[in-house]
Amino acid sequence: MTVELRGVIPYLVTPVDQPSGRLRERELGRLVEHLLAGGVQGLSPLGSTGEFASLPAGLRLATVRAVVAAAAGAVPVVPGVAAAGTADAIAQATAYLEAGASAIVLILQPYLPLSEAEIVDYYRGVAEAVDCPIVLYENPLLGTQLSLAALEDLAALPSVRYLKDASPNTGRLLSVSNRLGDRLGLFAASAHVPLFVLELGGKGWMAGPACVAPLLSVELLRLWESGEREAAWSLQRRLWRLNELFQRYSLAPCVKAALEELGFRVGAPLHPQRALHGAALDEIRGALAQLELL
Amino acid sequence: MTVELRGVIPYLVTPVDQPSGRLRERELGRLVEHLLAGGVQGLSPLGSTGEFASLPAGLRLATVRAVVAAAAGAVPVVPGVAAAGTADAIAQATAYLEAGASAIVLILQPYLPLSEAEIVDYYRGVAEAVDCPIVLYENPLLGTQLSLAALEDLAALPSVRYLKDASPNTGRLLSVSNRLGDRLGLFAASAHVPLFVLELGGKGWMAGPACVAPLLSVELLRLWESGEREAAWSLQRRLWRLNELFQRYSLAPCVKAALEELGFRVGAPLHPQRALHGAALDEIRGALAQLELL
Amino acid sequence: MTVELRGVIPYLVTPVDQPSGRLRERELGRLVEHLLAGGVQGLSPLGSTGEFASLPAGLRLATVRAVVAAAAGAVPVVPGVAAAGTADAIAQATAYLEAGASAIVLILQPYLPLSEAEIVDYYRGVAEAVDCPIVLYENPLLGTQLSLAALEDLAALPSVRYLKDASPNTGRLLSVSNRLGDRLGLFAASAHVPLFVLELGGKGWMAGPACVAPLLSVELLRLWESGEREAAWSLQRRLWRLNELFQRYSLAPCVKAALEELGFRVGAPLHPQRALHGAALDEIRGALAQLELL
Amino acid sequence: MTVELRGVIPYLVTPVDQPSGRLRERELGRLVEHLLAGGVQGLSPLGSTGEFASLPAGLRLATVRAVVAAAAGAVPVVPGVAAAGTADAIAQATAYLEAGASAIVLILQPYLPLSEAEIVDYYRGVAEAVDCPIVLYENPLLGTQLSLAALEDLAALPSVRYLKDASPNTGRLLSVSNRLGDRLGLFAASAHVPLFVLELGGKGWMAGPACVAPLLSVELLRLWESGEREAAWSLQRRLWRLNELFQRYSLAPCVKAALEELGFRVGAPLHPQRALHGAALDEIRGALAQLELL
């Protein structure tokens, strides 16, 4: 349990043949190699961009295996574990770790609203059952954003080491940083401006857009870390266009469309979600062109 | 595909040993026999009361099998099929029908908001792939309540025969009844007052509270159908207390607590959801006593 | 304080010249006479249909005066009192009663969320300061739907005699009726099906659609009260179309458009809200034609 | 119309005797003098902190007059104009400008949801009718956050010069800055971290907390502008505590409680909102002590 997470950790799409439901392992491998060549510091399959909610258990595990194989130990693989029940989450986490994952992003996806005590029980139950670093995922849209006191309780567990907050609320991160900055490493989600999270002492970012622009994302981090603040901001302002599109169009349709444009045969989002077309696709192409990715 | 659904179709709880995750088949069988003895006209496992979202695929299928075995053909078994992706839903439905289910309640549980066209694609995709009557489930809290025009399109499919609307909006049902009353049979969910749904021409109700009070639920229907309106309303007013508790406390905790009081060892809700205790449990007991169930 | 409210009490529009902001008193008088000729049992200016939120205090008072003058004592005038602060509400209520109003609909329009204790304080503060029957208005969209316990506390005040619940949740009304049916008279709002509210023992309905179809609304009530249940339901099903349009298009635009079609020069909704046109207007016309109002 | 807004512009509370409703002009004057002595660059009465929604029109105008008198031309007075209708907003703005205001914060407080075209019509209608710089106020909780395209249209009007976005979404500000940074000056609201807004090129902040800590707020700005980034961040981290409390407890109760602790007799929030007490008040005192304000 000694891996340290930091830097650019792209959320991966899950390329699937439809309607057969077969994972396109080779294409996923190509994407992983491309990201590694771009210098990313980790890989996160089975996030929201990875359409975890639409994947049956077998396909989820196959995805982790394929990413671990393609990464070949070069960087940590940090899959999303998402469930409504604690037992299901533990089973997923256990399987992914056996398959070679180094850490997990722990997501709670309740069907009905839960009390904060129940939410904490979920996170704690998984954290005590698995032996790996955990990135806590909280999201106000899922009803899973915690009070600072609850977060502090969880941060006392040795495996709870990072936080990914999926809100666009940067002030929330300042509050967390003030109170728990020495115990919880912060990662920017796609709704946060990465440079602001870094300014607060954050560890990096985990998000779908990094899957489309790995080189630029890594360069952004390098500029920041080397103190080239002005150049970093100039790049951040340009890169933000990807985040805007990502938020405007749904996650997987946007990233899959962009990757298809870049030559990766990742296919369409999982039915019933529709592939982008027309004006939306033109907007994606325009953004890729502005970033000189096309 | 000739089964007709009507009457009282209780939503079943799923009794599970924890943390082992083993289904308590015998206790589930006892509950089914008790409900059949009470005269219910169908059985619906894997609804929200059945905690489907917290059950892995294997446990879901085992539950359907156990209910089918216990029902022994006496009444139709109508499990919930709930997924974010169409392929997953088709796989579930196929497995449940092979296991002996007669019909399904088709639930869409999106992770991110979908367009209405995508929602319709999901329902249509499943409806065209399976050969059984479908109860469409719509819920504004899940973002899956459809326009009347979309509902009309779906009602044109031969398998789409019933609608369960999980909102508390009775006027919505009048709108549906006015436009599609001859093509879609309406079922009351737990937020609707059953007698109002029957007054609109509805087929019956599918809900968790009927699991606690099958005899009274069946009696309510009988009173209504035999034109004893005043007696029906008197009983409905008393029975509504169960729905109030069901909405106030979360579904599975409430129904599991009540069934435990009635002597069924259905156990606690699935972790992290907590069992009711203290004042909440006293309220449940009080309601059962008022209905002379204790 | 002896007036009893019952029956059909239309929510009135507020016809205003724009941009001058002058009340069209004569046209408002014509509308009132038309409604009285239709047999309505009360008149409610300054409801949501009356665009109270867009009217400065002087115009609100002028509207009450004009309605009182036109009603000439034939039926009670029950204006809406809507404020964020208690003192403002008391000032409004006092002025309207001095102007001849018989009762008020008491609305709380908070700018920021209030606790239930604060909400109760508002209602209580006004109820204790004025000497007239009060129709409590609650609306979950405004955060002002109360617990049954809080409602019970308020119903103990002699002036709190009626409840208008602006949700579409009919089960809520059954809960209120079970607990407080002998102390709080229920009125259907436009989202409720009037016949269901009457079935629960309700007093009548207060809503914008009755402003468009007073004769049919009064007839609906008569059919119900004379026990002609089948004819009542047949009419209710037809009339519901007005409620559907009212909910689909915003309130004042819909009712003002319909009244213009019927020959009342009530003008456009208050800027920036836009008058209906095109397909929306055609739908309004179609509904009026189906009800043989055109 | 040549005034330029920048720097620290506190949102003022409105001290009112209750239940008489008389403005405490002298105390408001003392507060203004204290803020001016602290070096603030503007004053904003009638914001959310100023409880505008609970103040009748006469009291709103009296408040503007009192602030203008106390400011005596030292800094611009920028009152909030908040209405549901355009005509009401124009009347308010006209009165405030005649009373000596230099600019306005333009708030739309719709009662029912409006379309974006209607929202734009409101802002445009007021902007074209008044002759002063306008701070557009947008708030997703009120349904008034605009698309970038709509914002761009409005920014083309000469009087629309500033934007106050009341969400906590800092990425939104980056999007606005990228597209309209040269035409719309950004002000941080209380949910934003001021230093982040300054980093994006913002003009300053307009918020309630600055009313409690004017000296520190002005110092924060000075440190930033003089390039003392580390000291600025150290102060920002400490000051954020005030924003946290401001968000946790409702605005006026929090700021009025803090000002009472600091010796200003601003009284309680307007009924029915309750004054803070007990643990909440202790927390306020603790925060003031940590900032060495007590």
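Things to note:
Order of writing sets the chain letters: A, B, C and D. Residues in each chain are counted from 1.
One rule holds in what follows: a contact is a pair of C-beta atoms (placed from the backbone, for glycine too) under 8 Å apart; a residue touches a chain by one contact, two chains touch by 3 or more.
Because the structure is a prediction, the values reported are computed rather than measured.
Think of each touching pair as a link: the shortest run of links from chain A to chain C has 2 of them.
On a Cα centroid basis, the chain most remote from chain A in this structure is C. One finds 36 Å separating the Cα centroids of chain B and chain C.
The centroid of the Cα atoms in chain B and the matching centroid in chain D are 50 Å apart. Along chain B, no residue makes contact with two or more other chains.
Taken as a contact graph, the chains are arranged in a single closed ring, with each chain touching exactly two others.
Those residues of chain A that touch chain B in the complex are listed here as 18-19, 21, 48, 51-57, 83-88, 91, 109-115, 117-119, 121-122, 125, 250-251, 270-274.
Chain D makes touch with chain A in their complex at residues 167-172, 174-175, 177-178, 191-193, 196, 199, 233, 236-237, 240-241, 243-244.
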